[in-house]
Each structure stands twice: as C-alpha cells, then as structure tokens.
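So the structure is just underneath, and the comments pick up after that.
Here the chain labels run A, B, C and D in written order, and each chain numbers its own residues starting at 1.
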Amino acid sequence: MKEHKHKDVFKQGAITPVFIGDCIAKHQSKTTVGAHNIFLGQVRADKIDGKTVSTIEYTAYDDMANKKFNAIREAAFTKFNLTCMHIYHSLGKVRIGEICLFVFVSSPRRKEVFEALEFVVEEIKATVPVFGKEIFEDTSHRWKVNS
Amino acid sequence: MKEHKHKDVFKQGAITPVFIGDCIAKHQSKTTVGAHNIFLGQVRADKIDGKTVSTIEYTAYDDMANKKFNAIREAAFTKFNLTCMHIYHSLGKVRIGEICLFVFVSSPRRKEVFEALEFVVEEIKATVPVFGKEIFEDTSHRWKVNS
Amino acid sequence: MQLKIKYFGMLAEVAQCREEDLHCNEVTVYGLLKVLYGKYPKLKEKNFQIAQNNELLSPKAKLTTGEIALLPPFAGG
Amino acid sequence: MQLKIKYFGMLAEVAQCREEDLHCNEVTVYGLLKVLYGKYPKLKEKNFQIAQNNELLSPKAKLTTGEIALLPPFAGG
C-alpha cells in the first residue's frame, strides 16, 4: 500500500484555486483515469443572531487526525476502485469565500468516484478531530458544529 | 429563471486545468456557498484489440444538445437547492489525459451537491447527443459507446 | 414531403455524407426507416435513433417537413 | 497515575489552557470525568469525548499513563 501513503493533509490557511488547478494538471499523466470527482468545502458568511461570520479558525488534534485520515484513505482504496486520492484540510484562519477542504478522487469509471467521494467527505466530518472557531465581524466567536 | 440561463456549454478542444481553477476562483465571492462538487471526465488511453486510444474527437447535434443541456439545468435547479451550476463539454479533438467534461455545482450544503452532481452527469450521458470518435495511435478509429 | 436528413457519428460514415435533402412519400418514422434502409442497407446493422425538433421520435411518430437527425448512441463525457 | 490532559476548541476556553499535567487516582474514563468535573464545573455543560492513543474511549474504558485528549464535537470541512 506504499503508493497510498498519506502525507501533508493539513495546510496552513486557505486552499487556493491555483493549487487545485495544479493538482488537476498533475493528473493528466494518469491515462487510465476516466473520471475525477472533487469536493470543496468553502467558508460561508453565516448570519447568527444578527452577526455575520467573517473567518473560521481551524485547529486539530494532529496525531489523531492524521491517523484518522490514513484510516479513511485505506478504507476508500479497499472499498472502491480508485486510481488515486488526495485530501487537504486547512488549519488556522480561512476567510469567508475561501476553501478549507479539498478532496480529490480519481478512477477509470465514474460510478466509483461518486460513491468514493461522498464516503470520504462524510468520514472526514464524522471521525477527524478538527475544530472550527467561527469568528464574527465584531471579533466575537462561536464554536462551529457540523450538521 | 434568467440567472440560470445556459450558455457556451461547448468548448473547442480540451478543458484546461487553468480554466477550472479560474472558475473555482470566481466562486469565492459567493459567500452563501458552503460546498462545491466538481466532476471531470478525462480521456483514457483505452486498449482495444491491442491498439491504444490516443485522442477522442467529439461532435454533437448542437441544437438538440443545447436544448438538452438547458433541460438538465432547469431540472437540477428544480430538484436541488443549488446556488449555481456550470457545464462545459469539449468538441473536436481531446487527447488522452485531457479533460472533455467539466460539471460544477455549488450549494450552501454538501448533501445537495453530491446528489445534484451525479444527477447532472448521468443526464448528460443519457440525453445529450454527443458522439465520440476514438482515434488509435495508428490513426484507425472506433466509435465510443458509454457504459 | 421534403426532408433534410442529418447523419451523425458512424452514420455519416455509412451515408458518406453529413446531410442530404430527401424527398419522401412516407409520413412516419417507420416509413422513413424503410426508405433509408433501401438507400443504405448497412444502416440495418446500426443502432440509432431518429430526432425531429430536438426530440427523439418513436417509430409510429408522424414526421413534418424539415430537418431530421439520425443519432447513434450518445457518448458524451 | 500521571496524565497529560489536552483541551481542544471550546474546552480550552473552559480549562483556560491547552494542556496540563494531572495526577489522577482514577483508572477509568468515568473516574477521570469526575475529577475534571470537580476541577472545571462548566465542563458538565459541554458535549465532548475523551481519546487516548488516537482512539475515542467509552466511559468504562481503562486509562493508561500518558496523554489524554478532551475533544468537543468535530467540525472539519
């Protein structure tokens, strides 16, 4: 399973569209791939009690998070016929409109990527210890809970 | 429904990673969006009877294709809570490893984008009159059939 | 009835043209198919559908003057 | 038993620190919770889980010397 080894999931700050474009470009040499599926989580300007979120600050329990990302990765390669898979998650501050999660799965066939991507995203939300501090425009904050 | 009006689905030649990155960047101003889901169809170097595909040349029955793309678009906005949606499909020659289909859906919530993206991609495959000529390295060809 | 027949994909190879004008006394899809099979016997081996006004037609559907498209299996994406 | 307690997210606000060393005579998660609730009464109002060795523990699970993490609801992505 060496080729599936996970590294550098966490990135400091937002994940940029240029980084995502570069990642897509790198997959053009994989000519057995017929379908890519990409999930992007973007920070919303949610309004709560009249205040508007301006930034989310992410923290994680790194050791456990990395172990969980690896487990998700191994499970996805076992369950689905994937050629490759990448996960990137932000740490630190990400402003509204910026991207905080980038999951990228590739397979010869499209059916595999739809199922695999949803599986991976739901597992990340459920099992990876990442915490989000929603900071409002007035600098007060609230702790984010996934729904 | 004016804001959902469809235009310019077809693009001559491959869809580039830079174009996709730019399209993602343009969505950073949409701060009600929490989730994007992107499908990319990439041309595979399939081996058939000992010959390897090098290029697919796409043609379409344009009038009907545009009508079908519009119908898919309207159906997707009716069925799912989408903030926006884009479809791009190549015409002409696309080499192996290059991207020929780019579908991009965005919503406040992730559940919506997973369902919407699969719906849109399956509808495109089933209802849009696009034809693919798989050209082998020796310049012979075969007509592609979706599975 | 005056029709313009458009051939797509492998069907353009069979007809050796992308479109042609055709005068046809038949008024249904089924009738048109008989005419086309007579003109291009190899069409009988092909899997295709017929569309008019951007919609697929059933074999019993009535034709109207104008453009008709012969569409092989779709292969988008 | 010597433990290092790590507090994440809103729990670090309750404990007013990110980690601390704690000597604890209790050997189960349930016992540790009693100690922590005594030290930080506001923890009782919080929804959280306890992990050791990168795995979530049930209330009856045994603790071992070393690092313990208090984890509020996950909010990745």
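Rule of thumb we're sticking to: a residue touches a chain if its C-beta (ideal position, glycine included) is under 8 Å from a C-beta of that chain, and two chains touch if they have at least 3 such contacts.
Just so it is clear, the structure is predicted and the values come from calculations on it, not from any experiment.
Ranked by distance of CA centroids from chain B, the top chain is D. Between chain C and chain D the centroid-to-centroid distance comes to 73 Å (mean Cα coordinates, whole Å).
For this pair, chain A with chain C, the centres built from the Cα atoms lie 48 Å apart. Chain B and chain C, compared by their mean Cα positions, are separated by 27 Å.
Residue positions 41, 110, 121 of chain B each touch two or more of the other chains. In chain C, the residues touching two or more other chains are 77. Pairs of chains meeting the touch criterion are A-B, A-D, B-C. Contact residues of chain C toward chain B in the complex are 6, 8-10, 51, 54-55, 69, 71-77.
Those residues of chain B that touch chain C in the complex are listed here as 41, 58-61, 63-64, 67-68, 89, 100-101, 121, 124-133, 143-146.
The residues of chain A lying in touch with chain B in their complex are 17-18, 20-22, 24-25, 27-45, 96-99, 108-110, 113-114, 117-118, 121, 147.
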